[in-house]
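This is the structure I have questions about; it appears just below.
We just call them A, B, C and D in the order they show up, numbering each chain from 1.
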Amino acid sequence: MSTVTSSDRTVVVTDEPSALAGLQDGMTVAIGGFANSGHPMSLVREVIRRRPKDLTIVGAATSGLEVDMLIAAGCVKKVISPYVGGETIVGIGPAFRRCVENGEIDVWEIDEAMYYCALNAAAQRLPFLPWRALVGTSFPEVNPDLVLFDDPVAGEPLLAVPAVSPDIALLHAGAADPYGNIQHVGSGFGDRAIARASDHVIVSVEKVISNEELRRAPEKTSIPLVDAVVRAPFGAHPFSSVGWYLEDVPLLKEYVAAAEVWRAHDDRSAVDAFLDTYIHQPEDHMDYLQRIGARRIFGLNEF
Amino acid sequence: MSTVTSSDRTVVVTDEPSALAGLQDGMTVAIGGFANSGHPMSLVREVIRRRPKDLTIVGAATSGLEVDMLIAAGCVKKVISPYVGGETIVGIGPAFRRCVENGEIDVWEIDEAMYYCALNAAAQRLPFLPWRALVGTSFPEVNPDLVLFDDPVAGEPLLAVPAVSPDIALLHAGAADPYGNIQHVGSGFGDRAIARASDHVIVSVEKVISNEELRRAPEKTSIPLVDAVVRAPFGAHPFSSVGWYLEDVPLLKEYVAAAEVWRAHDDRSAVDAFLDTYIHQPEDHMDYLQRIGARRIFGLNEF
Amino acid sequence: MADFTTKELMACIMGRDLEDGLGVPVGANLPVPRAAVLMSHLMRGPNQLVLLSWTRANLVDVPELRPFEFITDWRAAQWGESYWAHDDGFLNMKARANWIFFVGGIQIDQYGNSNLLGIGEDYKRLKFRGPGGVGTGNMAAFTNRYYLYSQTHTPRIFVPKVDYVTALGWGEGPGTRERWKIPGGGPRYCYTPLCVMDFEPETKRMRLKSTNPGVSVDEVVAATGFELVVPDDVPETPAPSDEELEVLRTRVDPTGVLRS
Amino acid sequence: MADFTTKELMACIMGRDLEDGLGVPVGANLPVPRAAVLMSHLMRGPNQLVLLSWTRANLVDVPELRPFEFITDWRAAQWGESYWAHDDGFLNMKARANWIFFVGGIQIDQYGNSNLLGIGEDYKRLKFRGPGGVGTGNMAAFTNRYYLYSQTHTPRIFVPKVDYVTALGWGEGPGTRERWKIPGGGPRYCYTPLCVMDFEPETKRMRLKSTNPGVSVDEVVAATGFELVVPDDVPETPAPSDEELEVLRTRVDPTGVLRS
C-alpha cells in the first residue's frame, strides 16, 4: 500500500553555513533573545563571517551586543530596535553609539510596544497596526514612517506603525525535534513574535530531541515547524541561554573595551582583532568552543 | 519585624452566587470555551437563575448552546459571536435562530478574525484594530459598526473593528491556585483573549490546587491572577472539559428538542420545563450534579 | 472497477489535489473534506501540518484515524506536537498562505462567493438564519488557494448571486480581489456529488471540469441555478483506484462513515 | 536615629508610596527602585504582582532577595507563577493601568517629560545618543500613575525643556495628555538624592515637596535647571524607620548594594 511514514518527513537539522546560504546583501535579518540572553551567536558569527553589506537588523526588543558586533563588523545599514546595549556591562553599545552619532547607520526609532506592532502587522499581513501610547512624544518626529492619524471609529489620535517583515529570523532555544518544532525554556522573550513575522526562520538549539520526546510536552512547543534547526550547544555564548548556562561576562567586557576604543578614538585595531580572534578565525562553532576552552565553557553552568 | 507572608495573600476562591453578585441588567458578559467544550456552566446557570435582562453576550468564537440557553431564558438583547450552535447536535442554536429571524435579538455580525480584533482592541485600550480579510464581503453591510477605511500608511482598504470590552468574563479551566492563577489543560481555545479584554474575570475550575503545585509548571499557567475562582467539579457539564470528561450528548439533545419546539411552533412549554428542571430548581451546583446523578456524571470520564 | 459511494469518490478526488507541505485543517462534522485531507496526508503528505483538535500534529504513523464527532474532542490531541490557541492563530496570517481549506455554503454563486449567513434580502428579517461565516472568510482571503464544496447540488444552493457574501470568491468577477487588495489566490475548484467545477480564467465564472461517474452534463446544468460554463469536451472524473479505496477504508474511514 | 545612606533613604521613601495590589516590575540595573518595590512588597504588598525575570511572581516568603545583575537572569525565575512572554505582555494594556514603574532620563523637564533618546537638536547628529525610550513611553501612557527618578540631580538633567520626549509626562502643561487622549494618570513624584518633588495641580509644573535630610532648599534650587515651584513651607523627607532599615538590610539588600 502506497502510504508514507514519519521516516519520509523532512529533517530540517543543518549547520550554520547551510542554514545561511541564502543570506544576501541588503536583507532584513531579525535576531532573537533579549539583552544578555538567548541570542543565536553561532548563527550571528556565521553571518559576520560571510561579510554581508547593508543589512537591516531587526534586533530583539532589547537587543544586546550581538547587534553591536554586527555593526562593528560593517554589516549593518539600519537598525530596527528600541535598545542596543549590555545593561550594566555597557549602557549603550559602543559601535551602535558611534555609528548613530556619526550618522553612519540609520535607526528606525520605536519603543517596545511599536516594535511588536511592526512585527505583528507583518505577521497579520496588514500594512500597519495602531498604537495609542507614544502619541505626544518625539517618536513620530525622529521616525517619519510613524504616521499620526485619527482613528476611523472614535476619531482619536493614534500612531500607525508600518509593518516590518524580516526576510530571515535567527533565534536560539533550548531544544527542537528533527522536524523543526522548537521548545524554549521559559518565556522565549519576544522570539515567537519575530518568528511569526519572518519569511524564513532559522533556530539554533542546545539540543536536538526526538519527536517522541517533544510530544510528551506539546504545551512547551513555542514555535512550530521552522525552516531550519542548527544544533549548537552553548550556541548563545557569550550570552546566557535560559535553563542552560549564564553569561560569559569577561568576554563581553573584552568586546566592549575593544569597541569602545573604536568609538572614542576612531581606532579599529582592537575591535578588528576581537572580530578576527573570535569570529573569523574559528572554522565553525565547535572550533569556536574549542578555542574558548572546556574549562571556561563548562564553568558557565556551575552556579 | 512588620512584614507580610503568603498567608496574608487574598484567597479569591468563592461560590457562584458571590462571584456573580455584581451582575446587572444590560451588562456585557463574555463566556469562554468553544463549541461543545469548556463553557463555565455552573456560572451560566447562576446567571440564568438571577434572571437578568438585556445582557450583551460575547460568546466564544464558536459559541455553543450555553448562549442559546441564555437567549431561551430571556436574558439576552445582543449577541457578539461568529457562531452559536452545537455542531452535529444542531447546526444553529434553535433559540438563537428563532430570535434572530424574528428580530428579537441583535447580532453584532463578525467572523472569527474580527472577533479577536474586537477583544484585542479592548485589551490594548485601542478604539479599534484593523483587519484585511473580509473587505469585499457583506460583513460591513450587516454590521454598520465595521468601518471600511484606507490605511494611513499604504492607502489600502481595511476594515476597522471597534473594541468590545466585556464587563465580566466567565471562563472554565482545569485548575487554579487559591490566588487566581489559572491553568487550562490544552490550548484554552480563545479564553486568554477574553480574559485580557474583560474588566472582571471569573473562572470556574475542576480543581483548586496549591500555589506550590501550580509553581511546579509555571509554563502551564494560562491566565494570571483572575478576580474570582469558583470550585466546580464537572462545572462544564453538559459540555466536555478538556482533559477531564466528555460531553453529555443526550442532555444537549434534550435541550435542543425542547428549544426546537419553541422555534418551530412558538410554544415555550418544553423549553421552560427544561430551564426549570436543570437550572432554576437546583439549589446550587452540587444539587445540580446530584440531580444529574453520579452514574451519569462519572460515566462521562470513562472512554 | 471497485464499487464506491459518491462520498468515497469525492474524498479521493478532493485529496488528490493536495500536495505535501500544506497546512491542512481536519474538522469533525464535514466527513468528506476530513477524509480527503487525511488521504493526501497518508499517501503523499508526510510534511503536511495537520490542524486537529487545537493541536498541530502529524498522523502518518497512526494506523487508524477514527473520526471524532466534535472539533473539541481532546482525545484527538494525543498526537499534538504543539497546541494551537485560537487567538494566537490569528497572529500569523503569513503561515496561513500555505494552508488549504474547504468551504460550503447555503448559497454559492457563479463567481465562487459563498454565503453562510442567511437567506432573505432583509437582513433584519432573514427567512433563514445560517450558521455564519465563522472562519471561512478569513481563510478565503489569506490562503494561496481554497476549495468550494457542497454535499448537495441544487439550484437553491448554486445561485446567480448570493444574498450575502461571507467568503469572498472571485467577487463580481475579474478584478474584485485585486481592487480590495485581498492577497490569497482565490477558489480553485468546487466539488459536488455531481461534478468538479473550476473557474474560467478570463471571466472567473464557474466552469464544468468533469462529471462524476454516471452523471450527465445535462443533469449538472439542470441542477445549477446559474449559467454554468460548459466546455465542448467534458471528461469523466477519474474513479478512485483500488489503492485509494484501501487506504480510505482501512485507515481513514474504518467505521464506514462515507459508505453509508 | 540610625545611620543610612542616601540610596537607602530613597529606597525607603519610594517604597512607602506603593500600596498592596499593584503590579510592580523588578528590574536588575536600577538598584534603588528595585529595593523600593521589594520593600513595599514585603512590608505591605502580599497581593502585589511582581514582574521578575520574565515571570509573574510573589516573593513575600523568600527570606533573602539577593540582586541579579541582568534582567534575563533565569535563576530569578524559580519563584514564577506564570511566564511572561514579552510580545504577549503588549496584548494587555488594561492590566498595566494598575502597574507602577520608575523612569529616569538623560534629561527631565519641568513638566515631568523624560528624554532617554539623546542630546542635541539635530537628531541626525546627536551629541550623545542615549539608550532610547525602550518601554518607558508606553508605561507612562497606560499606568494610573508613575514616578520619575534620578540618581543625580544637576541642571544638565533637570532642564526647562527636554530635547526629545520619550516618556510623556505632563507634556506642555495642563491639557496635553487630555488632548492626545492618553489614558494614564501621569507622573506623581520625582525622586532624587536631594529631594522629593511633585507637580503643582494647576500648572503641572514640578514643585518641591520635601528636602532630604541635610539638604537645603537653596541647594535643590541651584541644582535644578528650570524654575522649580517652591512652597513657603518645605518639610524634610521623613527618615527611614529602624524597622524599614532592618527589612531593607536583612531581606532586600543583604549584600549592601545601597550602602556603598
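The rule we apply is simple: a residue touches a chain if its C-beta (ideal position, glycine included) is under 8 Å from a C-beta of that chain, and two chains touch if they have at least 3 such contacts.
Since the structure is predicted, the reported quantities are computational estimates derived from the model, not experimental observations.
J.: What chains, if any, are shared contacts of subunit C and subunit D?
T.: Chains that touch both subunit C and subunit D, as defined above, are A, B.
J.: Which chains, if any, touch subunit A and subunit D both?
T.: Touching subunit A and subunit D alike, sorted by label: B.
J.: With centres defined as the mean of C-alpha atoms, identify the chain lying farthest from subunit D.
T.: The chain farthest from subunit D, judged by C-alpha centres, is C.
J.: State, to the nearest whole Å, the distance from the C-alpha centre of subunit A to the C-alpha centre of subunit B.
T.: Measuring from centre to centre gives 39 Å for this pair.
J.: Using mean CA coordinates as chain centres, what's the subunit B-subunit C distance in Å?
T.: Chain centres of subunit B and subunit C, defined by C-alpha means, are spaced 29 Å apart.
J.: Could you list which residues of subunit D touch at least two other chains?
T.: Only 55, 77, 83, 90, 93, 142, 183 qualify.
J.: Multi-chain contacts only, two chains or more: what residues does subunit B have there?
T.: Within subunit B, the residues that touch at least two other chains are 120, 124-125, 132, 156, 186, 193, 219.
J.: Report the topology of the inter-chain touch graph, choosing from line, ring, star, complete and other.
T.: other
J.: Output every touching chain pair, sorted by label.
T.: Touching chain pairs, listed by label, are A-B, A-C, A-D, B-C, B-D.
J.: Note which residues of subunit B are touching subunit D in the complex, please.
T.: For this pair, the touching residues of subunit B are 1-6, 8-10, 120, 122-125, 177, 179, 181, 193, 196-197, 199, 211, 214-215, 218-219, 221, 224-225.
J.: Tell me, which parts of subunit A touch subunit B in their complex?
T.: Interface residues on the subunit A side: 124-132, 145, 147, 149, 151-154, 156, 158, 160, 162, 186, 219-220.
J.: In the complex of these two chains, what residues of subunit D are touching subunit A?
T.: Touch residues, subunit D against subunit A: 28-29, 54-55, 69-75, 77, 83-87, 90, 93, 115, 117, 123-138, 140-142, 164-168, 171, 176-177, 179-183.
J.: Per the contact definition, I'd like the list of subunit A residues that touch subunit D in the complex.
T.: Those residues of subunit A that touch subunit D are 34-38, 61-62, 82-83, 85, 87-88, 91-92, 96-97, 100-103, 109, 111-113, 116, 119-120, 132-139, 141-142, 156-157, 185-190, 192-193, 240, 242-243, 246-247, 249, 303.
J.: Please give the residue numbers of subunit C that touch subunit A in the complex, ascending.
T.: 42-47, 49, 55-56, 58, 60-61, 77, 79-83, 90-95, 142, 183, 243, 246-247, 250-251
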